[in-house]
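Worksheet: the structure to be examined is printed underneath.
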Amino acid sequence: MTSSTQLRAAIVGSTGYGGVELIRLLQSHPYVTVTSVISSSTAGTPIAEGFPHLNEICTDLLDGIDVELIRSKADVVFLATPNGISMKLAPDFLAAGLKVIDLSGDFRLKNGDTYQEWYKHEPAPSEWVERAVYGLAEVYGEQVVGSDFISNPGCFTTTSLLALYPAVKAGWIDPDSIIIDAKSGVSGAGRGASFGTHYSEINENFKAYKINKHQHIPEIEQVLSEAAGRSVITTFTTHLVPMTRGIMATSYATMTEKRKASEFVELYRQFYEGRSFVRIYDDGKWPATKFVYGSNYCDIGFSVDERTGRITIISVTDNLVKGAAGQAIQNLNLSMGWDETLGLQFTPVYP
Amino acid sequence: MTSSTQLRAAIVGSTGYGGVELIRLLQSHPYVTVTSVISSSTAGTPIAEGFPHLNEICTDLLDGIDVELIRSKADVVFLATPNGISMKLAPDFLAAGLKVIDLSGDFRLKNGDTYQEWYKHEPAPSEWVERAVYGLAEVYGEQVVGSDFISNPGCFTTTSLLALYPAVKAGWIDPDSIIIDAKSGVSGAGRGASFGTHYSEINENFKAYKINKHQHIPEIEQVLSEAAGRSVITTFTTHLVPMTRGIMATSYATMTEKRKASEFVELYRQFYEGRSFVRIYDDGKWPATKFVYGSNYCDIGFSVDERTGRITIISVTDNLVKGAAGQAIQNLNLSMGWDETLGLQFTPVYP
Amino acid sequence: MTSSTQLRAAIVGSTGYGGVELIRLLQSHPYVTVTSVISSSTAGTPIAEGFPHLNEICTDLLDGIDVELIRSKADVVFLATPNGISMKLAPDFLAAGLKVIDLSGDFRLKNGDTYQEWYKHEPAPSEWVERAVYGLAEVYGEQVVGSDFISNPGCFTTTSLLALYPAVKAGWIDPDSIIIDAKSGVSGAGRGASFGTHYSEINENFKAYKINKHQHIPEIEQVLSEAAGRSVITTFTTHLVPMTRGIMATSYATMTEKRKASEFVELYRQFYEGRSFVRIYDDGKWPATKFVYGSNYCDIGFSVDERTGRITIISVTDNLVKGAAGQAIQNLNLSMGWDETLGLQFTPVYP
Amino acid sequence: MTSSTQLRAAIVGSTGYGGVELIRLLQSHPYVTVTSVISSSTAGTPIAEGFPHLNEICTDLLDGIDVELIRSKADVVFLATPNGISMKLAPDFLAAGLKVIDLSGDFRLKNGDTYQEWYKHEPAPSEWVERAVYGLAEVYGEQVVGSDFISNPGCFTTTSLLALYPAVKAGWIDPDSIIIDAKSGVSGAGRGASFGTHYSEINENFKAYKINKHQHIPEIEQVLSEAAGRSVITTFTTHLVPMTRGIMATSYATMTEKRKASEFVELYRQFYEGRSFVRIYDDGKWPATKFVYGSNYCDIGFSVDERTGRITIISVTDNLVKGAAGQAIQNLNLSMGWDETLGLQFTPVYP
């Protein structure tokens, strides 16, 4: 594919952490060129002004949100916008014939009432929600192929579900027993300045937040219910770790019968066979968040406790890559019928 | 009490983090004077040489481990020594008529076989183990009064048990359902240099370790079994947080009947009534590790999920204070019949 | 002194980092009781609501700024208020007969034009500026004795001046050659949420700011000029370190004649003889910020380079203690004729 | 270039931070394939065992140091080995006809006596030292073209020299006035476990080390002397920042005549014209280390103080990339006559 046939990409919300990560990752994509970086708040200024790491790399001025303009410049639009905003933008872009990949939560929950209950505002119109394909790439990748409207999963959701889906689907764990204890770096909270993201409040501190209230809970339950073939509810807790990037989900469940960790290793390796971004660890080894830093990997390890009959599953991602921008690009690749690894084949940054 | 009647304290293992924290805290104790700081590896050098923060504060030379010498200089000995070492030292000090407060795991487990299984070496002689009082101050404080041999609880254990004991004792949660997801700062790993404590490996990283294998598991189970009146086993996971001080235990359990978080608040406030170092949060609020930084507090908060019938309990301590040196001093106070807060009445360091 | 004769203290700006640190430190002061914590923005709420580390320690409601009220409740007022605010409050409190200790920059610079140039707004009326004693405790402590209006020095200023004053006064270094390269933890930027204090922007980052523009420059020059007996200008740079507390000043100067570092050690030890909070390191040793963490110490070390004829002086403080709240209490002690160490005799928190 | 004509690379010292970074970066190089990863201590084991981030990316077993073996497998050898080791290995590899790029200090100093004075052991034989080309790519890149033996500069050296060379060469600053205050993340200390790299000692701490003693001092002076056309000595201080990656050099010098910062901007942009990895900031803007994180950039900004006649120059690099592995690859590219950016065109990781 030559430069003249490059796919042209626009990024709405380019000045958030998800948007600026899309810019970073797409620089390495062989078939995609970023042709418009968009920000409603700072349109008209060079993006490198607020993001000096992009000096001499991305010299574009920020565009405003103008559907006509974007249609003239782009073939695909990434919406790295807050919940409640994407639902207003996506229909227009879709109507204009653009492919849309939404990174917000607006089109993830199929049930509007559930959306309203957890997000505390009106859901998107149901016809658009139904049209969106839920892009958990390793699980629903086949549905993504050929799609022009993809709802990209949440960061906690992706990390939790890749760790739990195969075991629930296989009936090896009791879905009602699942407890997910999740921990995230601070970049997941976005780039907005607030007391809750103040360095002096986060550093040398570890805290829990939104206990039993996080909006990723219904998203996790929606997929686990599909896997289980019946309605599933879970316990899910989020914690804030004094680091910038990375998510770990420590998931606990009761096994439906006695099994060894090595059996789970085998099950998961079969489930994810042929997929490039899930790495299953040998029995007795568990991933740390640094092992996936800056990359699109999700690493998973297991520990079975014979005494209690429970399994503990450790899964990690980089919340801004596999948990956001990276999986969005993976979904773009899948939707275009390309190799899912295009533009995403880089080694984690270590140390 | 005048200076001439001060209790004289010796600290074995003064160059570990637990030992040096004892020095810091005892500087403020009105009735105790540190008369001997002891280190087998660097005896004869000034302690301030390796610990410049003690310049002009503690000008003592480090002593070697010499029972006669220590008997001549001290009334009480704190053993801030590794597992396996305390069991060799404590009997001699006790035989020499000294009060002994041991911060290691050597005398915590009443069952020698259990010790051997989890610590992977020979247990202490059972007569000494039986003689030791287990100093979880808010639970077994009455047994500590008058004792001359106190086994100080582990850091994870203290943090977990203060969060779970009242509910198990009251029969409000199912002991078999308990899952404890614990997170610790790095100082808990001790001062020894190793690849596992290398800054570049810890920073911007979050990892799980010793899953289902941590030696604090049987210690937790020993106490929970006492509370439940029957044998209890639990699931317990430890994680390493990129910070120096602080432990959080996120504990999950199924409630035996429907209750509100506010009922647990009330139960716990009654249970800890009159005790100075446990602070119970109002419903809807949870502690962060920074709220107890450098102090002897254990802060506890609750979240009840009506959907799942589970309660989530958040508890935090400073692992070097309430989880080690602070509780040891609290136990000394109790054993002497003093106010338990002596030398420990300081405000957490914030931010 | 019994409780009935305690000095009553009010703290204006109690919800900033300087104010809340005053509360922490004054809890340990034997002769002072905090009787009013004041915040214009959150008056009427319990201070512990925003600062849970103070639960059960400080149960006061926040007062508004009401001179009559404060006069009825307090003998001394600490102004931990932003530049430009103190100048409006101090005269009224002084007129009401209260002792005032101001932690802002408003009364530090004797020359109003200089204030305006560096602070970019109107200076305080000169009669009040003249009345304020500049409380660099180890240098101007004698002037503080008996004073009822003390202007507490800046954090960078204190750290830099304690390192340079004796050598300039002795004529051992060329004042015109002084270059100060300063580094601060983030708490120095205050508690206000801004993009510049966002965790994800600070963590794993090191940056310079306000190069040649920092408002502590004229304050440093004012004192160095006094020491030199002539006008001195300096080069001063500030950097932000990804940590919460601590300042280091690395000061460079050309020696006026060849000397060894040990001679500087001797000079400084003589200069600071009898003072409790300056610790001079032996030749070949230098302080790190952690050695003074949470304490009122300023630690200083030297390196002489025979090749270049320059001396490098390393000085460190905790910016919130010796650089703010601690020195303010030290000044209160001095002004009252008390031992300067009252309420400040605690060991640095390590690690 | 097809896979069959790829340049084959061996990396000695693959289990150090410099070596493992070479592996990361070379994965993206279009013309180079890593064919041997070498470690004397863990030969025979898979490299991914100690570095799980390389799982499924680099599945090689570690080789031992065997010149014959390496000659059979590789065309170029990177020596990411400690000082004193490279000098023993390089001659054999060169004699065997391999291209050698050495990342240690062994071949940087042309004067053997100077090496011995600063490195405290015997220098490499002078004939080998003379043969090595000093690979400060933007300054001596023309000498690197066609070379088969390149001595890669130090991390502090690179960061300092790129900031100072153009101004010294142009005669715009007085070389005798130069003071370099440098700050580094901890990965620069290597991967060896020691008390000095213990997380709890580094975190929330800032310290100076090797003041006036760092072995990069003579390396900096060697190049500045070449630029000045006469012997130059400098003052240089290193500090340890609680972060993993990144170096900042804050350089101070007296200008030889009055100039504006914008003139320096222009001078430097001309000097580095056509080079891809030096980015010069506009007047009034300065780089932070995060702006180059994980990339091969060196960013530089200026501040002129008219009052003192001094210029302050801020320069930053990622110590493991431009300060080590990245510049080594850049030198390989130059030596092969390739575009210097091959395999190095990636955006800094932010945040």
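Per-chain residue numbering starts at 1, and chain names A, B, C and D are given in the order in which the chains are listed.
The working rule: contacts are C-beta pairs under 8 Å (C-beta built on N, C-alpha and C of every residue); 3 or more make two chains touch, one makes a residue touch a chain.
Listed by chain with UniProt protein names: A, B, C, D = N-acetyl-gamma-glutamyl-phosphate reductase.
Since we're looking at a predicted model, the values are computed, not measured.
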item	value
Same-interface partner of A-D, chosen from the options B-D, C-D or B-C, over half of the pairs matching	B-C
From chain A, the most remote chain by mean C-alpha position	C
Chain centre separation (chain A, chain C; CA means) in Å	46
For chain A paired with chain B, centre-to-centre distance based on mean C-alpha positions, whole Å	39
Where chain A touches two or more other chains at once, by residue number	17, 187, 191, 200, 203-204, 242-245, 287-288, 290, 293, 351
Contact footprint of chain A on chain C as seen in their complex	17, 185-187, 191, 193-195, 197-200, 202-204, 242-244
Contacting residues of chain D [partner chain A, same complex]	17, 20, 23-24, 27-28, 51-57, 187, 191, 203-204, 244-245, 279, 281, 285, 287-288, 290-295, 299, 345-351
Residues of chain A that touch chain B when the two form their complex	179, 181, 183, 185, 200-201, 203-209, 211-212, 233-235, 237, 239, 241-246, 248, 250, 252, 286-290, 293, 303-305, 307-308, 310, 312, 314, 316, 351
